[in-house]
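Okay, so here's the structure we're looking at.
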Amino acid sequence: MVARTEEFVRREVLPLDDEHDGDVEAAGGDALRTRLQAAAAAEGLLTPHGPVEYGGLGLSMTERAPVFEAAGRSLFGPAALNINAPDEGNHHLLAHVATEAQRERYLRPLVSGRHRSAFAMTEPSPGAGADPGALATRAEPVDGGWRINGRKAFITGADGADTFIIMARTSGEPGESGGATMFLTPGDVEGLVVERHLRTMDRSMIGGHCVVTFTDVFVPEDDVLGAVDEGFRYAQVRLGPARMTHVMRWTGAAQRAHETAVRYAADRQAFGGRLADLGMAQQLIADNEIDLAATRALLREACAELDAGGRASKATSIAKTFAAEALCRVADRSVQLCGGLGVAADLPVAKIARELRPFRIYDGPSEVHRWSLARRAVRELT
Amino acid sequence: MVARTEEFVRREVLPLDDEHDGDVEAAGGDALRTRLQAAAAAEGLLTPHGPVEYGGLGLSMTERAPVFEAAGRSLFGPAALNINAPDEGNHHLLAHVATEAQRERYLRPLVSGRHRSAFAMTEPSPGAGADPGALATRAEPVDGGWRINGRKAFITGADGADTFIIMARTSGEPGESGGATMFLTPGDVEGLVVERHLRTMDRSMIGGHCVVTFTDVFVPEDDVLGAVDEGFRYAQVRLGPARMTHVMRWTGAAQRAHETAVRYAADRQAFGGRLADLGMAQQLIADNEIDLAATRALLREACAELDAGGRASKATSIAKTFAAEALCRVADRSVQLCGGLGVAADLPVAKIARELRPFRIYDGPSEVHRWSLARRAVRELT
Amino acid sequence: MVARTEEFVRREVLPLDDEHDGDVEAAGGDALRTRLQAAAAAEGLLTPHGPVEYGGLGLSMTERAPVFEAAGRSLFGPAALNINAPDEGNHHLLAHVATEAQRERYLRPLVSGRHRSAFAMTEPSPGAGADPGALATRAEPVDGGWRINGRKAFITGADGADTFIIMARTSGEPGESGGATMFLTPGDVEGLVVERHLRTMDRSMIGGHCVVTFTDVFVPEDDVLGAVDEGFRYAQVRLGPARMTHVMRWTGAAQRAHETAVRYAADRQAFGGRLADLGMAQQLIADNEIDLAATRALLREACAELDAGGRASKATSIAKTFAAEALCRVADRSVQLCGGLGVAADLPVAKIARELRPFRIYDGPSEVHRWSLARRAVRELT
Amino acid sequence: MVARTEEFVRREVLPLDDEHDGDVEAAGGDALRTRLQAAAAAEGLLTPHGPVEYGGLGLSMTERAPVFEAAGRSLFGPAALNINAPDEGNHHLLAHVATEAQRERYLRPLVSGRHRSAFAMTEPSPGAGADPGALATRAEPVDGGWRINGRKAFITGADGADTFIIMARTSGEPGESGGATMFLTPGDVEGLVVERHLRTMDRSMIGGHCVVTFTDVFVPEDDVLGAVDEGFRYAQVRLGPARMTHVMRWTGAAQRAHETAVRYAADRQAFGGRLADLGMAQQLIADNEIDLAATRALLREACAELDAGGRASKATSIAKTFAAEALCRVADRSVQLCGGLGVAADLPVAKIARELRPFRIYDGPSEVHRWSLARRAVRELT
């Protein structure tokens, strides 16, 4: 399946990706996604991580790692296979927390690719961000359900999303650690407005990263996801695996940048020989190999721990933090190896560097992961 | 003058820069430049480095450093003051090498901003790049002058340039170190075609980075710049100061990213306090301060050496290499400090990171500078 | 067994190690080793990697990793368990290459700890070093065996070694890649002189790192180890596992430095709180956690590959290079966290930093590994 | 004078330094110092920074920088010229704060080298360390003077010091920022006991780094240094220049390590050529050149600011922090370049790496400087 995914991505996806320099909206956005997902489905590659009973292929974390990496070689590959953030994490969350009725209504069309989803947690300052406890969006109980008011930012894929999972405060005050609840809602619910796209450096996410407001959005009782006030706990369920699938996809992108750079260096003549034979170029190449190997080794360990039923919060935190930084270094070295062409769209390295950079911030900035790792170490060792 | 430049840039230039996320063509390209240069001229800020007899303000390297840095706070600032690459380096080259007639014809309108210029040296592989000796474009003597044939790449500002300085081989073969000559020509000369823009990650250079072909371009004898076969030597004349003015401009941009990030961190509340009071944020801020200080210290030493009449090839090589890497780190830390907004166009940090990255490649990749520094060290110490 | 090893090391070994600041000769040298090995044998912990038929415990690479790490917590732990370099690698080599008679004579007393061994490969400049092909020591065929002449440097454990494995050139010239043969000899053979100890920064290796000369050393035919001219191939057999057991041992030392630093930071009050609660200290702690986790992840992958019968030359090269650098960083950060006490013998961090540093050079400098990794990448990707 | 210092150090000091691997006590301690200082005095090189009226040469900060660097090439050079810490900083402090009588009694014999001094500020946890406000040693007013009780740690040069400057709390409580006073006392005063030497990794400081206790040490009113309760302010007077002279001396040591490594790399053959011609070696060499140049550039700026009468606390903090880290990198790269010999006493690089490491902790750990730099940046930019 890894080989088939690689072949599919090379044949169907990469040409479009490279033609449009990784700008997914320029390449067609949702229309492109629909077309590519149909092709992936035809080859039996769609939603490989999804629950079998809802139409997915049921791959474990360990099994999906190389498949997701193969898809990630193209910036559009994850969309083509329906394994992109935030959908893939939402699939996981719904499979674990949603009622059967919710799964039928919301999960099934997501797994088939008919629907696309968003996860509305982060907020503009001073709301929830790296510190989720700052959650300020509120849901108040009303007759037959809840009424949500608040403002979210960096909501990936919001523009055009068919389904939203909204995190809102049902008790306590911003700054307190509990009191959050998750709500499901269709994207066309009244009161939900996509205000604007944040113009971020990355351009490969369909639906962008948006500011979204909820004004008296009504969610019926049946669409509460899991138990009231347990939202932060469910966020943890989603978090660990979602971090790792990010790593899988980005490893594929970084690997492609690396291969591009190695081939460039093997072709390019400079100073009387091949660029690839110069020691400083060799150092860049070797450091890429080391960073990629360490990323995959940490990833595999975290996946094994998750597959064994663990929360793996330390292992995923380490793997995510290391990977985000290591893969950015890989992309940066690849740019450097390619010289002038490395900063141009002629080669697929500048765009990969551009898309990777936010990963050191999204899904928890490295600093927050380090803070958490240090506190855990002090707790465990003293 | 530094204060006036800062004020001018803040008032006239930054708003346009931020509105267009640093994309100079989107902001108006040459029309924008013309308008801004008129405003700069009105305030006595135009071409501060230019020879006084041709209308410039005659600042020494040491004097121009803080002025260029102030201009560099905006990505459009150098264009506004007519101190941008490649013009600024071309002004210097013409002032030192051109005949009086050439200076009247070519330098005067450049200093006044009426003209814009390009410097056509680098070529597509396997031609001149990091290794200038690979120069493949040829100039053959013909009746009354020279006929130039060849292809250039990464020619900054080529699209719309009124004046080109072309480096072409007049003797020897690619791979040999001598044999280059510089030629002056108007941009509308027959046979000179701007093939395409390279779609680079940076977007603040008017006229872009282009592929240019010369097909039987005729240059009369009077437009040979300096002596035949001495082109590489003149390139050295241009090189040292041009490296340093790059550093000056980019220091301004990095300083702005830093200030933006510090202010953001001082405002942003997280984990029960100001982001700016968290140790890891303080480390990012302090490292920025150190990198900026070391960049300026190395720059000032190199400028003093240049002003004293030295070639300063070691000092400028060190300052360029250190600065390119240090300023990229400053921009990257600034992005990280601003979290999600750091990768969005809401704050002027992502764009500065994007514009700075190529500086580690342009004007000699860091690796080539290191190679040269190491060989010099071995030569001097053994 | 891991727990028993930890407990044994804590009880029997660490007090002596700390009392003597890791200086093994000051602590007793071979007498200390004999005493500690007797204690380890009494607890069933001696030579855990050794072949069962020769008295070892037969642990696979994967199994021995945590045991060696536990032993490595003390700088004297590997000697106590008879798992130290170069013995441990020599055990492996003899088990794979020696004849039964050689194993009885040379391997059995090594496994029991009665003997100690040296591996005489590296030579003073311009002989074999990072580049083994420069091998200059010669063995000439004589009646009944071979006569060896040459000079070796950095021969670990040479002073007092009962057994030497000598690598000498039996054909070809220095600079050529083949032509080496391995020879077994008792340490008291005529003509073998330990000239001097190199005064290295590390002080935990019994027998030191020595310069050794061979003057007409006679080795009978029966003591040729393996086939003539196949020495470089056997060196490869020894190399991969030996690199990994180095990593295991040093991971234990670095882990101890890290734990020491974390506990210090949790105790030490500064600036109105615990040092461990300051962000920059947390960053050092978290980076240690990440480096240790990545080291172990790469190690486990390489061990699994070796246990499966592979050469694992890429995996062991990556793991060794990453580990050597990462563990040095861990030790350095631990020093920094402990402030003044970090550079004093009051805490066991300065000595661990001192002992670790050479690991980036021994067993192939990082640069040589990178060179090899880069060439492999170019070969595989182009 | 720079040339004469270099020559003197090369001829008189380096041979002893190298013979004893930088261990100053092994080389003779105070007897060595007395002999070398007599030689330095004979060549007019003694105490070049000392006030002319007390027998020094009166060099400004800018003037002394290259002289101190030349002396620092040997680990014993600063002792030979009487420019070592803590004496040199104490000379400065006494020149600025002491009464004329105190200068006659205490400063004059220090400048001539007849006496040696210590500066007793830092204390064992939880006392004064990186956070001076934690000062716990107390001085109580008694008839005719003060009675001091407390315990100090890391008191450089304490063993055998003729003169102590003691920082003790005369008002307030540990944790408060003011309330410290400085006291002068002969080293043989009753109640002053040098408890033990801390066994630190560095071994080039005469008198070691000691734990010292004061039990009812009496200091007459005349030996109060400056005004009561102004001790922290005077510490600042001492601090800035003392940081910079540290940088000067260590730059000399790092420069020597670098030169040693470059020469080694130019001699050593490997892989069919000179080590110095391999790209990764060139990168190490070039990075050393860059780090040394940036260190000197920052140093010169701070010295100019100090010579102009400024406190230069930002400039000296940046220069100290950058230099400590950069020079450690230089030493580490030099070790790596020299391979096995780099970790042995055969070459003077391992010892320089060992001596340099504590500089990232002594005189304020890098983290404390960064904390201070960040707070200043936030204050100035917001």
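By written order: A, B, C and D. Residues from 1 in each chain.
What we mean here is this: contacts are C-beta pairs under 8 Å (C-beta built on N, C-alpha and C of every residue); 3 or more make two chains touch, one makes a residue touch a chain.
Molecules present, by chain and UniProt name: A, B, C, D = Acyl-CoA dehydrogenase family protein.
The shown structure was predicted, so the numbers you read here are calculated from the model rather than taken from an experiment.
Comparing mean CA positions across the assembly, the chain most remote from chain D is A. Of the two chain pairs shown, B-C and B-D, the one joined by more C-beta contacts is B-D.
Chain B and chain D have Cα centroids lying 42 Å from one another.
Centre-to-centre, using mean CA coordinates, chain A is 37 Å away from chain B.
Chain B and chain C have Cα centroids lying 51 Å from one another. Chain contacts: chain C has residues 278-283, 367, 370-371 touching two or more partner chains. On the chain C side of its complex with chain B, the touching residues are 278-283. Per the touch definition, chain C reaches chain D in the complex via residues 21, 122, 125-126, 129-131, 134, 153-154, 175, 198-202, 209, 267-272, 278, 280-281, 335-336, 339-340, 342-346, 350, 353-354, 357-358, 360-362, 365-367, 370-371.
Here chain A touches chain C in the complex through residues 259, 262-263, 265-266, 276, 279, 281-283, 285-290, 293-294, 297-298, 300-301, 315, 318, 321-322, 367, 369-371, 373-378, 381-382, going by the rule given at the top.
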